[in-house]
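Data first, discussion second: the structure below is written as structure tokens.
Chain nomenclature is as follows: A, B, C and D, assigned in order of appearance, with residue numbering initiated at 1 for each chain independently.
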């Protein structure tokens, strides 16, 4: 039992899924189940109303909390409006906040993001902002009241993993709210690394939905997040420039009453 | 069910453990259980005979196959002799073959290793050689009849992970026997990466036994190997220089009868 | 002859130096000369007035253009004021703009930086902002009229090099003004890489002034910038997964009148 | 003046060039001159005799020492024979020894290489072996009397740079003869890094001859080697996890008689 908490809500799974990119609704559902996720984003724009119902139905019947996002919003105003529509439509005051600068890079607009976050927090929202990996912006977002920060590892859909682990370390060191990798994970080791760096959770969509076998990759990600979380808790060995035998003196150690010896392998 | 096979023996677990470096026999046993391993090495040299029994007892009562290794051997002759003693003492013709060049680096001696491998194969052993990450030496070891090849990621006990993933790719591409990462894994993401690169299994000791919490790290490694294996099977998304929305055209896709649409997240 | 231009001023050297951290004024002067720099920053705050004169004297007598910076400013207001004082004191409307978020990270404050940049451009300054490596912020700074953008490779004084080459590629692709690596270079290969990624110039201080032998390192950096610039212009070979002989068919090529053959090495 | 010495012969340039892959003899000559090289390899096999003369003429008239290589040899016997033919034909007992395992990878065959090296040293040759990056094999080659060791950074022609800098560090730490990067350099920063890691020189061919502008890249490599060498001698700053101002206390330092203060930039 190692749950994590956002704004007072506790989740057993540290994997947050997205719903875009899957080849079919059926594959999406099986992938979500294989991932073990308990929190999944749904885009409020770019959605066919009739279809939105289907995805929401999948989440509802599997007990997965819906997290509306503002994907496709290019200004603070659009994002705030979209969040409010989502609150009304879905009955949740949670929002994954995206204010992107342009269609080509899908990178967050730092100024618009901060403005929208502040406005939404003031309006009572639980705000989870998709941000760049700048430790300063992450701190500002926390200061205005965001319930988590969600830095990108690399551009959305790029599959380039965490381009700058050092920034993640800096963000985690200072953060008082959960840090969640958002965007960039391409394969399981990316998710494992994120957790080892101290992220509280991992958010991803394309890495699963666009994999050759989405359901298998969903399972991979479930294990990957567990692996990284446990490794973080376990405390890894230090890196050494030179070798160290796993049992350099085991044969002699039997003579030392302080340290019981046994064979080395 | 995704077992792997060495020399006709099938294992459900793809994690091979070592026994050196653990703080106590009790922690070792709990770690081995947490790891799910079915095959574990025991050093035939450097071992206190009374203690060796204890470790062998742990393996026996948990149904874990023992894999004697020749750690501490600096020549082909020493290694061959040690393997023969192990066969006699433990009743197994399997051997993890180590012929190291010196105490400081613990790196394999390529010439001595190849000589010992050939001699042992000729004598009926199932030989799993600890080798450097040279694709040519890996091929030679396979050619003389080794049942697997076990390239190092980085020096023993260094925790530096896989220093040269490119060599692992080259080795895996050409290998007709299982490729098993041996040495260098420091944390879970190293094991995940090894499996993503196509390794059939991962061998490690210090990463678990010397972690601050060995039992937790053993669990981490179990998940890490599963994650990497599933990701390899799933087929990861390609890496892209630029962003790609997880659902750039989801709103329109509903109009396309060939491709069912649903919300993007 | 491969000069570069900022705001209409042309420089033969693509290495911009800082003056902090040197063990003595004499070593500083020799380092600046060894570097070949034609543009060097001087901090307007944190400076002993009597000493400031000495550094300015060094620059003046060696024909190096002074670039006042606003190091030590934590708000847009402080930075704007400092820039104006510098303009008055030094008779230059150029300013390397720094608005940092805190003493510990010395990372730029994105919002304050953008505000100060806009105000200074409006007041007629030639603004060279020290920014994070966010492509969106770099674009915004260019849009408000900055004469260059100076993204950090890693935190000031860390010597960690360019942590995120991918972001530098994205910034260079879109930029209409010179992109100059600022902060993070620790050794020569960092500077070479920056130029290969398409930077127009490199700015550094500690890497030279705090090296064990500052004058030697200044010479190293001069060569490093030249090397990277030439390599960028030369067009590197593509990366290949497999080997390619430098002359796989040289022996036969002599028979091909279209392609003169000669020995391979 | 910072020359380096192989087997008693001193070279002012630390860049060893190859001759394969250039688009024309004229471009080759201009590239060699731009590189400043004083030692250049010529393949003894795969060469049209009439053309070989041309390349040898280029080297001769520019005062560049010829270094015959055994490229294209797949066994120790072939390599030894080729070296002897080269000695007779070119009047030099120097040889860059290549014994490769196969055409596809062009990776060295460790056993054949060691055998050939020993035989050639015994026969009075100055042997410079092209080897993998295994520190143990490098030591063995030195032990049998090689005048230098030439580990690969990555496969010939791949342009992947130094895949395993850690191995280069280990090789340099222990070597009593010059360590020369051979194979893998793709661009200038690869050569700079090699020198920073402690290589005495860099050997390359395709990176220059197959660049879009070979003559420019030759100049880039000349600067790159100089940059890396100077940086190694200068002693780089340590890497720090956090920032360090280039002059955090410069304003106060003026009060310290032990440490003259001056402005920071």
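Criterion: contacts are C-beta pairs under 8 Å (C-beta built on N, C-alpha and C of every residue); 3 or more make two chains touch, one makes a residue touch a chain.
Everything quoted here is computed from the prediction, not taken from an experiment.
Peer 1: Using each chain's Cα centroid, which is most distant from the centroid of chain D?
Peer 2: Max centre-to-centre separation from chain D belongs to A.
Peer 1: Would you kindly state whether over half or under half of the residue numbers at the chain A/chain B interface are used by both copies, giving same or different?
Peer 2: Result for this pair: same.
Peer 1: Between chain A and chain D, what is the gap in Å from one C-alpha centre to the other?
Peer 2: Going by mean C-alpha positions, chain A sits 45 Å from chain D.
Peer 1: State, to the nearest whole Å, the distance from the C-alpha centre of chain C to the C-alpha centre of chain D.
Peer 2: The separation of the two C-alpha centroids amounts to 29 Å.
Peer 1: With centres defined as the mean C-alpha position, give me the chain A-chain C separation in Å.
Peer 2: Each chain's C-alpha centroid was found; their separation is 34 Å.
Peer 1: Two or more other chains touching the same residue: where does that happen in chain D?
Peer 2: Those would be 105, 107, 160, 166, 241.
Peer 1: Flag every residue of chain A that touches chain B in the complex, lowest number first.
Peer 2: Answer in residue numbers: 17-22, 24-25, 28, 40-43, 45-48, 50-52, 54-56, 67, 69, 71, 103-107, 155-160, 186-189, 191-193, 196, 205-207, 209-214, 216-217, 219-224, 226-231, 233-251, 253-254, 260-265.
Peer 1: For chain A, which residues count as touching chain C in their complex?
Peer 2: Listed in rising order, the residues are 101, 105, 107-111, 114, 132, 134-137, 139-140, 154, 160, 163-164, 166-167, 170.
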